[in-house]
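Shared between the two complexes below is subunit A, which has subunit B as its partner in the first and subunit C in the second.
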Partner chain A sequence: MGAYLVRRLLLAIPTMATVYTVAFLLVHATPGGPWDNAEKPLAPQVIENLRVKYHLNEPLWAQYILYLRDAVHGSLGPSYVNTARDVSEIIADFFPVSIQLGLVAMAFAVVLGIPLGTLAAVYRNTPVDYLSMGIVVTGISIPNYVVATILVTVLAVVLHWLPTGGWGGVLDVRVIIPAVAIGLRPATTLARYLRASLLEVLGQDYIRTARAKGLARRAVILRHALRNALIPIATVSGILVADVVTGSFFVETVTRVPGIGRYFVTATTGRDYPVLLALALLFSVVIITMNIVVDLSYAVLDPQVRYG
Partner chain B sequence: MAVAGALFLAAVVLAAAGAPALSPYRYDRQDLLVTYGAPTRSHLIGTDGLGRDVLSRLMYGARVSMSVGLTATLLVLAVGVPVGLAAGYFGGTFDLLLMRFVDIVYAIPYLLLVVLLQTFFTAVLPTIRHGPLVWLHALNHGTNGIAAIVMALSLVGWLDVARVVRGQALALRHREFVQAARSLGAVDRHIMGAHLLPNVAAPIIVMATLLIPNFIIAEAGLSFIGLGVQPPMPSWGTMIAEGIDSIESYPRLVIAPALVLAATLLSLNFVGDGLRDALDPVMER
Partner chain C sequence: MSDTSMRFPWDSYYRRGSISRRQLLKLTALLGSTAAVGSAVVAEPQPAAAALAPPAKQVLRYPNFEPLHFDPATMESRPEILVGMALFDPLLTFDDAGRAVPVAARSWSVSKDGLAYTFHLRPGMQWSDGHPVTAMDYEYAWKRVVDPDTASDYASAFYPIKGALEFNKGKTKDRNTVAVKATDSLTLRVELAEPAAYFLRLVSTWNYMPVPRWQVEKYGKKWVEAGNHVGNGMFMLQKWEHDRELVIVANPRYWGPKPTLQRVVFTLTDDPFRTSLPAFENNELDVTDQIQPGDIDRVRKDPTLSKQLHKFRWSGTAMMFCDTTNPQSPLSKVKVRQALYLAMDHNKIANEVLRGIYDPAPTITPPGTIGYLSAPPLTGGVDRARQLLAEAGYPDGRGFPEVRLAWPKLVTYDLVAQALQQMWRDTLKINITLQRMERKEFNAAFNSWAKQPYSAYIDRWGSDYEDPANWANILFDSDQDFFHTKWRNARFDSLVRKGSGEADPAKRKQMYESAEKILNTELPAIPIYHLGVIIAVKPWVEGFRLPPAAAAWYGTFGRVKIVER
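Right, the complex of A and B next:
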C-alpha cells in the first residue's frame, strides 16, 4: 500500500505539470488585463510600471519558472485587481467557506442519495422506483444554479421560510438553499449508481442464503446487501467532489455566499488572470488528491482489493 | 414523456428559428415607461429593468441556446468521430497519444478549462485584424460572441466523442465482417466509412442527445458569469444573472428564464432516453 501511494503521488507530478503549463500558457496568451479600460485609459507610463511590477516584460520562459518557483513555495503571486494582497491570502480567506458549504452539500447528497437508490432497487419496477428515477433525471438534467434560483424564489421570496442569501457558517439556516442546490446532482448520481450496484448484489447467492436461513428482509438488505453495494459508491464519490467544487461557482453567486466560487466569478469578469491561474491549479490539486484518497479507501473498504 | 418532451422542444426550436419574425419586439427594444412591467396584453410575461419585453428576450435566448447546442455538437461529432474511428481502428502510436491527451485534459476541471479557453477566445478574437483567420473575427462579431463559445466548448468536447467512438471501433475491428471486407480487398478508408461507421451510428446518436443539453448548460453558465454572448443579445444564462439582482422584488424576471431552461433540458433528456430505448434493442428494462 505504501509503495502504491508513492507511485500514485509520482504519477500526479506530470499531470500537475501539464495542468500548470496549459493554464499558464492560456492565461499568458490572453491579451490585456484589468487595467485595459477603454473609457478611462491609464497613462502609458503607468501601464509600463505595472508590467514591470508583474514581470510581464520578461521572456515567457522566465515568467514560467518564476511563477513555478513561487507556487512551490506557497506564494501564488499578487492579484491584478486586489493589488494589496497575494492570491494565496485570498484563497485562505475564501476557500474555507466553500469547503464548509461543500461538506454540507455532500452530507445532503448522502442523506438523500443512499435511501433514494436503495428504495429504487428494492422496489424495482414499481411506482417507488419510477418516482426515485424521476427525481434522479431531474437532478441530472437541471444545472445547479437553476435549482438554486428556483429554490430561492420559492422558499425565500414567495414563502418567506428562508432568507434569500448570505452566509453564517454550517449551522446557520442560510446554508440550506446553496447546500441543497449543490448537493442535488451528487445525490442523484449516488442514487443511480447505488441502484445498479444494489440490484447486482441482491441477485447474489449469499443474499438467497441469508433469506433462506430466515433473516428478515430488512436485515438482509441493510446488513448484507447494502454493505457490499456501497463499495463501488466510494469510487463515484471521487467524481462527485469535482461536481461539488465546480458547483460552487454559480450557486455561491446566486445565494451570495462569500466563497471561492463567487470570487472566481468576480475574477473572470474583472479579468484578474493570476487568480484564474491559481484557482485552476488549486482545483486540480483537490481533484487529483480526492482521486488518490478514493482509490485508497477502496482498499480499506473491500478486503478483496490489494494494491501491490 | 418522450412525446411531451419532443412537443416542447419543437415549440422551443420554432421560437428560436422564428424569433426575428415571431417575437413581438426586438430583444433590445426598450420601453422606458414600463420598466419592471407586470404581464399585460402588450407584454405577455412583462418587461425587465430596462423595459425590454421578456417574452421576446426568451425567444432570442432560445436562438442562442439552440445554435450553440447544435453547432457545437455537429462540430464535435465532425472532428471526434473520424479521429476516434481512426484511433480505434489503427491503434498504435496515434491511439496512444490521443489517449494520453485525453487523460491530461480530464485532470483539469471541465468548467474551469472552458472558462479559461473562453476568456482567451473572447479576448483574442476581436484582436485579429488581418491574416488568414480574419473571418473568425467577423464571425464572432456577427454572432455576438457565439462563435467564441462554440470554439471553447468544441475544443474540449471533441475528446469525449473521440474516446467513446474509439472504444466502439476497438471492439469492432476484429469482428468477422471487418475481416471479410478486408480479405475481399477493401481499403481501410472504405472499411471505416462503410462498415464501422454504420455500426457506431446508434451510440453516436444517443451521445449527441446528451451533448446538446450539456453544451446548452455550459453556454448558459458562461453567459451567467458574464463570459458568454455579448449584451444586449440575450441568453437564458444572462437573463438569470440579470434577474438575480432584483429577485426579491421581481422574482418573475429570474424564474421565467430558469423554468424555460430547466424545461428544455428535461425535454432533451426525455427525448434522449426515448431514442436510446428505440435504438438499443438489447437493453433490458
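Right, the complex of A and C next:
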C-alpha cells in the first residue's frame, strides 16, 4: 500500500506539470490583459511601468519559468488586480470558506441522498420510488443558482426566516441556504447511484441467504445490502467532494459567501494571471487528492481489493 | 435630489400605528399639499420631527464591492473612492453650486499668472494616530503618485504640475524636480507647467489626498489593512474582513465638526447590483446599490419600496463612439453620423428601454459641467435624418455597407444596442451588426483602436470632477483623443485649449459652449443617455445623497443621520 501511494504521488507530478502548462498557455492566450482598462485606460507609460514591475515585459517562456520557479518555492506572487495582497493570502482567506461550505453541503447531500436512494430501491416501482425519483429528477434539473435564488426569495425576502446571505462559519444560520443549494445536486446523484447499486445487491444470492436465515428485513437491508451497495457510492462521493469544496461561483455570488469559486471567476474576468494559475494548480491538487483517497478507500470498504 | 418619493415626516408615525389614517390625511391637508398620501410626492428629505437615534444606533449598513485598498495614490474606482474620501481629507472640495470649499486647507492663493498655488493648512490637525497633519504629508503624497515605482493609473492627473510628467516618465530620477514644496509645516506651494483653471478641481480629487509616510514606510503595501491604516478624515478604518465586512467609525481626533453617524458597516460582495436589493428588503441593509433595469418595474410597483426610491444625477454620458477616419465605415461621413443621431429616439431609450433609470442625453457634456448645452445644435428629427442619409449617398438606406457596433457586456448596453439596431432599421432602413464582447476582450480591442480602424462602439464616461477639463479637453482634443475617434477640428482644439487656462469664468463658459456646439454638430460621438444613480434608502436614514461626481463624495457619510424607527 505504501509503495502504491508513492507511485500515485509520483504520477501526480507530470499531471500537475501538464495542468500548469495548459493553464499558463490558456491564460496568456485569452484576449485582454490585467491592465486593459477602457473606462479609465492607463497611459502607455503607466502600463509600461506595471509590465516591468511584474515581469510581463519578459518573453513568454521566461515568464513560464519564473512563475514555476516561484511556485515550487512556495511563493505564488502578488495579485495583479488586488496589488495589496498576495495570492497565497487570498487562497488562505477564501479556500477554507469553500471547504467548510462544501462539507456542510456534502453532509446535507448524504443525509438527504442516502435515505432517498434506499427508499427508492427498497420500495421499487411503488409510489415511494416514484416520489423519491421525482425529487431526484427535479434536483438534477434545477441549476444550483436557481435553487439559491428561490431559497433566498422565499426564506429571506418573503418569510424573513433567514438572512439573504453572508458568511459566519459552519454553525451560523447563514450557511443553510448556500449549503442546501450546493448540496441538492450531489444528494440526487448519490440517491440515483445508490438506488441502482442497492437494486443490484438486493438481487444477490447472499441477500436471499440472509433472508432465508430469517433475518429481519430491516437488518438485511441495513447490515448486508446497504454496506455493499455503498462501494460505488464512495467513488462518486470522492468526485462530488472535490466538486463541492472548490466552490460554486453562482451560489457564492447569490448568497454573498466569500468562497474560492467566486474568486476564480472574478480572477478570470480580471485577467489576474497569478491568481488564475494558482487556482488551476490548487484545484488539480484537490482532484488528484480525492482520486487517491477514493482508490485507497476501496481497500477499506471492499476486502477483494488489494494494493501491492 | 431625490425624486420619486418623499413621505411627510409624520408618515412614519402612521406606519407605526401611532396616528390614525385620518390624522395622517389631516396633517397632510394642513400643509396644503395636493399630493395623495402614499403616492409619489415632493422634495428632499427634511430632517424632521422624528427623533435622532442614540449614538449606539447611529449605524449605516451599506453595500459595496470588495475594495482593493485605500491608498490615495492608486485608488481608482467607486468602492475605494466612496470609502477613501471618508478616511482622508483633501485640501478642499466643491459644493453643488461649483464653489470651492476649504477642508484641510484653511485658505489658498493663486498668483496673477495662474502658475503658482499656495495652500495654507489649518493648524492643529491630527492624523487618526495622533501625528500632526503637515504640508509635508501632502508633498510626500503627491510626489509618490507620480513616482514611476508607484505605477499609479492617475499619475496623469498630476501632469499640470511642473516636472511631474518628466519624473513620471523616468526622464529624471530626482523627485525634487516635481514643483511641489512644503515651505513650512502648514504651507504648500505648487508651480504649474502652464495655467490650468481646473487645478483646484484636481486638488479636490482623491489622488490629491495625503498619505501617512511613517505607516507606508513601516508596512509597505500592507499599510492599507485595518490596524495599519491611518487617515486624517472624518472616519477611520476599524475593521476589514476581506470580502465580508468593512467598518469605518467616527474619528475622535478629527479637526472639524463631528459626524452624527458613528459607524458605517459595509457588506462586501462581488455583485452588490444583484444582491443588495433582496438584502435591503430583508432589512439587512439601509441602502441598496444601483437598481437594475430588470428590477425597477417591480420596485416601482411595490407599495413599500416605491416610497424608498431615490434618484441622483450622476455626471456622465453613454455614447456611441465612431471612427471618423475609417474609409471603410460610412460613419466616417459627418452626415451619416448626424442622420443616426437624429433618427435616435433619446426619450424612448431612456424611459422605455432603460425604464427611466437613466436620463436622455441630447448632447454630450452632462448638465452641471461648464459647456453643457440645454438645447442641441442639430434638430429636424427623422425627416431630416433621412434627407441627410440620402445626401451622404444612401437614399432610403440603399448601398449602406455593413457597420459593426461593439460594446462591452453590460445589461444597459445590451438593451440599448438592440434598441438602436431596431430604431435605425425602422427609420433609416439600414442594418447594424451587433458585437457584444467580454469586458477585458473589449478593452484589448479598444486599446488597439488607437491605431487600427474600427466602425463604432458604445461606452461611457463618468466625471472624476465636474469640469470641462475632464470632458472636452481629455476626451475630444485631437492630441488626447481618449476614445480613439480620431476626430480633428482645429477650431474645437483651439477653443478648449484656451478654455482650460482661462481664468475669467464667463469667457471660459462661452469658449466651452462654442466648442460643445461644434462637437455636437460633427458628432464623433453620438450621445445616448446621461448616467444616474437610482437606489432605495430606508426611511430612518436622513441626509443621504450621492453627489454627481466622485471627487465630491467627500462628506457623504458625514451628512447622514439615523432617526428612531
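FYI, the second predicted complex is superposed on the first by the 300 of 308 C-alpha atoms of A that agree within 3 Å, B and C clash if a C-alpha of one lies under 4 Å from a C-alpha of the other, contacts with A are read in each partner's own complex, and residues count from 1 in each chain.
We adopt the following convention: contacts are C-beta pairs under 8 Å (C-beta built on N, C-alpha and C of every residue); 3 or more make two chains touch, one makes a residue touch a chain.
All values derive from a computational prediction rather than experimental measurement.
Superposition model on subunit A: subunit B and subunit C are shown in a clashing arrangement. In the superposed pair of complexes, A:Thr18 makes contact with subunit B only, with no contact to subunit C. When the two complexes are overlaid on their common chain A, residue A:Val157 makes contact with subunit B and with subunit C alike. In the superposition on chain A, A:Tyr193 makes contact with neither subunit B nor subunit C. Of the two partner chains placed by the overlay, only subunit B lies in contact with A:Ser141; subunit C stays clear of it. Judged by the touch definition given at the top, the superposed model places A:Pro31 against both subunit B and subunit C. Judged by the touch definition given at the top, the superposed model places A:Ser284 against subunit B, while subunit C stays out of reach. In the overlay built on the shared chain, the residue A:Thr253 is in contact with subunit B and with subunit C. In the superposition on chain A, contact of A:Phe108 is made with neither subunit B nor subunit C. In the superposition on chain A, A:Asp93 contacts subunit C only, with no contact to subunit B. The contact surfaces that subunit B and subunit C form on subunit A in the two complexes overlap at residues 30-32, 152-153, 156-157, 164, 253-254, 269, 271.
By the touch criterion given at the top, residues 15, 18-19, 22-23, 26-27, 29-32, 125, 137-138, 140-143, 145-146, 149-150, 152-153, 156-158, 164, 242, 245-246, 249-250, 253-254, 265, 268-269, 271, 273, 276, 279-280, 283-284, 287-288 of subunit A touch subunit B in their complex. Remark: subunit C residues 68-69, 71, 74, 76-77, 148-149, 151-153, 155-156, 168-170, 221-222, 224-225, 242-244, 267-271, 274-275, 278-279, 281-284, 408, 438-447, 459-462, 482 touch subunit A in the complex. Contact residues on subunit B toward subunit A in their complex (touch as defined above): 103-104, 107-113, 115-117, 119-120, 123-124, 127, 213, 217, 220-221, 224-227, 240-241, 243-244, 247-248, 251, 254-255, 258-259, 261-262, 265-266, 268-270, 273, 285.
Against subunit C, the residues of subunit A that register as touching in their complex are 30-33, 36-43, 45-46, 49-50, 53, 81-85, 93-94, 152-153, 156-157, 160, 163-167, 253-254, 256, 258, 262-263, 266, 269-271.
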